[in-house]
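Have a look at this one.
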Amino acid sequence: MRTHTHQEFEAELRILKDRLLAMGGRCEQMISTAVRAFEDRDEDLANEVMEADREMNKDELAVDDLAVRILALRQPVGRDLRFAVAAVKASTDLERIGDESVNIAERATEMQPADQLSPPGSRLPEMAKRAGAMLRDALNALVEEDPNKARDVFTQDDAVDDIYAEVMRLCLEYMKNDPARIPDGMRICNCAKYLERIADHATNIAEMVIFTVEGRDVRHRQG
Amino acid sequence: MNKRTDSDPDFGVKMQTQDVNIFYGENQAIKNVSLDIADRNVTALIGPSGCGKSTYLRALNRMNDTIDNCRVEGRILLDGEDIYAREVDPVEVRRRVGMVFQKSNPFPKSIFDNVAFGLRIGGEKDKDLVAQRVEESLKDAALWDEVKDRLQSSALGLSGGQQQRLCIARCLAVWPEVILMDEPASALDPIATAKIEELIRELREKYTIIIVTHSMQQAARVSDFTAFFFMGKLVEHGDTAMMFTRPSKKRTEEYISGRFG
Amino acid sequence: MRHTKKDWVLAGLTGASLAVILLLLAVLLGQIAWHGVPVISTEFLSASPGADMVSGGIWPAIYGTVFMTLLMTAAGVPIGIATAIFLTEYASPRSRTAKLVRIAVNNLAGVPSIVFGLFGLGFFIIFVGGSMDALFYDDPRPVWGKPSILWASLTLAVLTLPVVIVTTEEALRQVPRELRDASLALGATRFQTVYKIVLPNAKGGILTGVILAVSRGAGEVAPIIFCGAANFLPYLPTDLRDMFMHLGYHVYALATQSPNVDAARPTLFGTVLVLLVLTFSLNLLAVIIRSRSRAALRP
């Protein structure tokens, strides 16, 4: 598409996209740091995640503010309008991802010290990696306005759901065999849940991409 | 060119109106308006028809003097000096404060002669200077590329949007400090309008611009500050983003959201 | 489009009126042409009339008409245009002076032309001319205080003044207000605006008005009867104090003063024809100029 006659409008859209990407980058960082904190029971890493979350909250306000300003002053229509709406929703999803990472970090500090991750916990890093990749792909799809990339994310979400189901199964096994393992086991279950939710938030962002580019609202039934 | 996306907070004040009242005979069109105009920013004047915004605008370059029974009271300051003071020559004021009108009004002369008009009547005789200034003004008005090969052809042969940009170039040629625009794009189609609006944003780097518009959307797109007039009074004045997202007066909110005609 | 009975009746009536007018015009012009064309010859146009007013030509009358017209134009047109400019561009709509001037102009337009003749006699010849004689000359014979081409031209100038003023005002009003506003907004004075923008754009209309006034003035006879026109002059007017022969007046003279009215008839028609050709040419010129200037304002 050609650029707008109003160059400042063009610039504002660019800034909005950049801010979303920056938020996404911060999220990815938070996810991997939180999971490492969980693996290593590292309190310092956990605090890093809390710190980053405060920044995330500020970012969300800034993105919403800019989107509202664009809506008020530019009267966008068509794709521009859908993008502005998508940006507001995406910032919410990103902020929630941050919150979920904080949850993981909090569980990290509560875990018993141990040399390595128990079997169910061993699949968490993989979930984290996938969720992070999904997030990155979804945001790139939003900024590049690429619906195919967005559809990829839906497929990846299926894989994450599968891993989640397996982690839950392993966790139950783990806890059944030894009641002392229950506290840690519960925490692992929770982390798996948080990561699965992170993947869902990434999927939401991908749905917003389809909405922006194709004008179709594919939420609540993927297509 | 350094583009600002938010209005520069370190502006000075270019023009001020203090307790201004304007009458047409017995009829009072502007009631006690005090307003500061920020230097090198775009200020939009909005309000329903008949609220006095065009009357107010015309007082800023003493064009009201040409209307027979129009009386202006109060002080209107340009760089701190009252332009209605007895010793002030309105002709000089109009050279410093230019105006672009609602319907483009090029003279039935060539494009070159149109732009050169202001300089020539000001006494400029140096042909090279005039030619250079014509080129600069047409470039500033984003019209040069379209007309550079036919400067001697009649200005009336241009399209509506081009004619309006020609009128802007003509206004710029005399180095005004302030440019007043009375609904400059209301007679134009959307594409021409967008070009004029973008031009206004570019001009703001060098000139103070005050624009009257009946389109609130245009005010939102184009201005840094907005002043809302209603029945001759100034209801609210502030930063455009604030006015359109969180106006403080209920009447402003009602007008901009289309809740009364 | 449905045509009702009323439409047909209206069309019929207006068509009939048109036919009558055209018929009358045809008869008038036809008669003049029929009797006048045979008389026209180079000799007719270039020779002086003989003493019986039938033989010879009408050259002095042509010369006198043109000379008088030029003087009348030079005297009246600048004043008329200036007055119109004052009324349109400078006077405020509520000004008393403007109202008075307008009333005066309107009344002037309604004065019968013979009254102008008396005015010319009483004011220009007797009062102004007489005073000049009294002040500057000791000679008891009148120098300025007698009928002459000067006073006749001035009298006609006053007669055509309202036409010039009204048509010039109209032409000035046609110039759109936006052009004046644009000029003033660029820092032009009122004078510069009038001189560089308004007048050039009103040129066509003003010129048209001037030509129409001139063509009317050239044909007027009543005002010049007392003021300077002569039946028969052996010399061409070279000085402002001279009397002169005039085409329109010559027609009157031929019809009423000539020794043999019947014999003079062909000459009479010839003179009328020349006068008409002159007047029509001027009117045609006005039409051409008006349409040219209208076209110039369009891209």
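To keep things simple, chains are lettered A, B and C as they appear, and every chain counts its residues starting from 1.
We adopt the following convention: contacts are C-beta pairs under 8 Å (C-beta built on N, C-alpha and C of every residue); 3 or more make two chains touch, one makes a residue touch a chain.
Since this is a predicted model, take the numbers as computed values, not measurements.
Student: Considering only chains that satisfy the touch condition with chain A, which of them also satisfy it with chain C?
Tutor: Shared contacts of chain A and chain C: B.
Student: Specify the chain with the shortest distance from its C-alpha centroid to the centroid of every protein C-alpha atom present.
Tutor: Looking at where each chain's C-alpha mean falls, the closest to the middle is B.
Student: Of the chain pairs A-B and B-C, which one is connected by the greater count of C-beta contacts?
Tutor: Answer by contact count: B-C.
Student: How far is the middle of chain A from the middle of chain C, if each middle is the mean of its Cα atoms, in Å?
Tutor: 94
Student: Hey, how far is the Cα centre of chain B from the one of chain C, in Å?
Tutor: That pair's centroid distance is 49 Å.
Student: Give me the residues of chain B that touch two or more other chains.
Tutor: In chain B, no residue touches two or more other chains.
Student: Would you mind listing the residues of chain C that make contact with two or more other chains?
Tutor: Residue numbers touching two or more other chains: none in chain C.
Student: Show me the residue ranges of chain C that touch chain B in the complex, using the header's touch definition.
Tutor: Per the touch definition, chain C meets chain B at residues 92-94, 176, 178-189, 192, 196-197, 201, 296-299.
Student: Write out the stretch or stretches of chain B touching chain A in their complex.
Tutor: Touching chain A from chain B are residues 3, 5, 191, 194-195, 197-198, 201, 217, 220-221, 240-241, 244-245.
Student: So in the complex, which bits of chain A are touching chain B?
Tutor: Against chain B, the touching part of chain A is residues 5-9, 11-12, 15, 68-69, 72-75.
Student: For chain B, which residues are in contact with chain C within the complex?
Tutor: Answer in residue numbers: 61, 63, 66, 68-69, 91-92, 94-95, 98-99, 101, 103, 105-108, 117-118, 121-122, 154, 156-157, 167, 170-171, 174.
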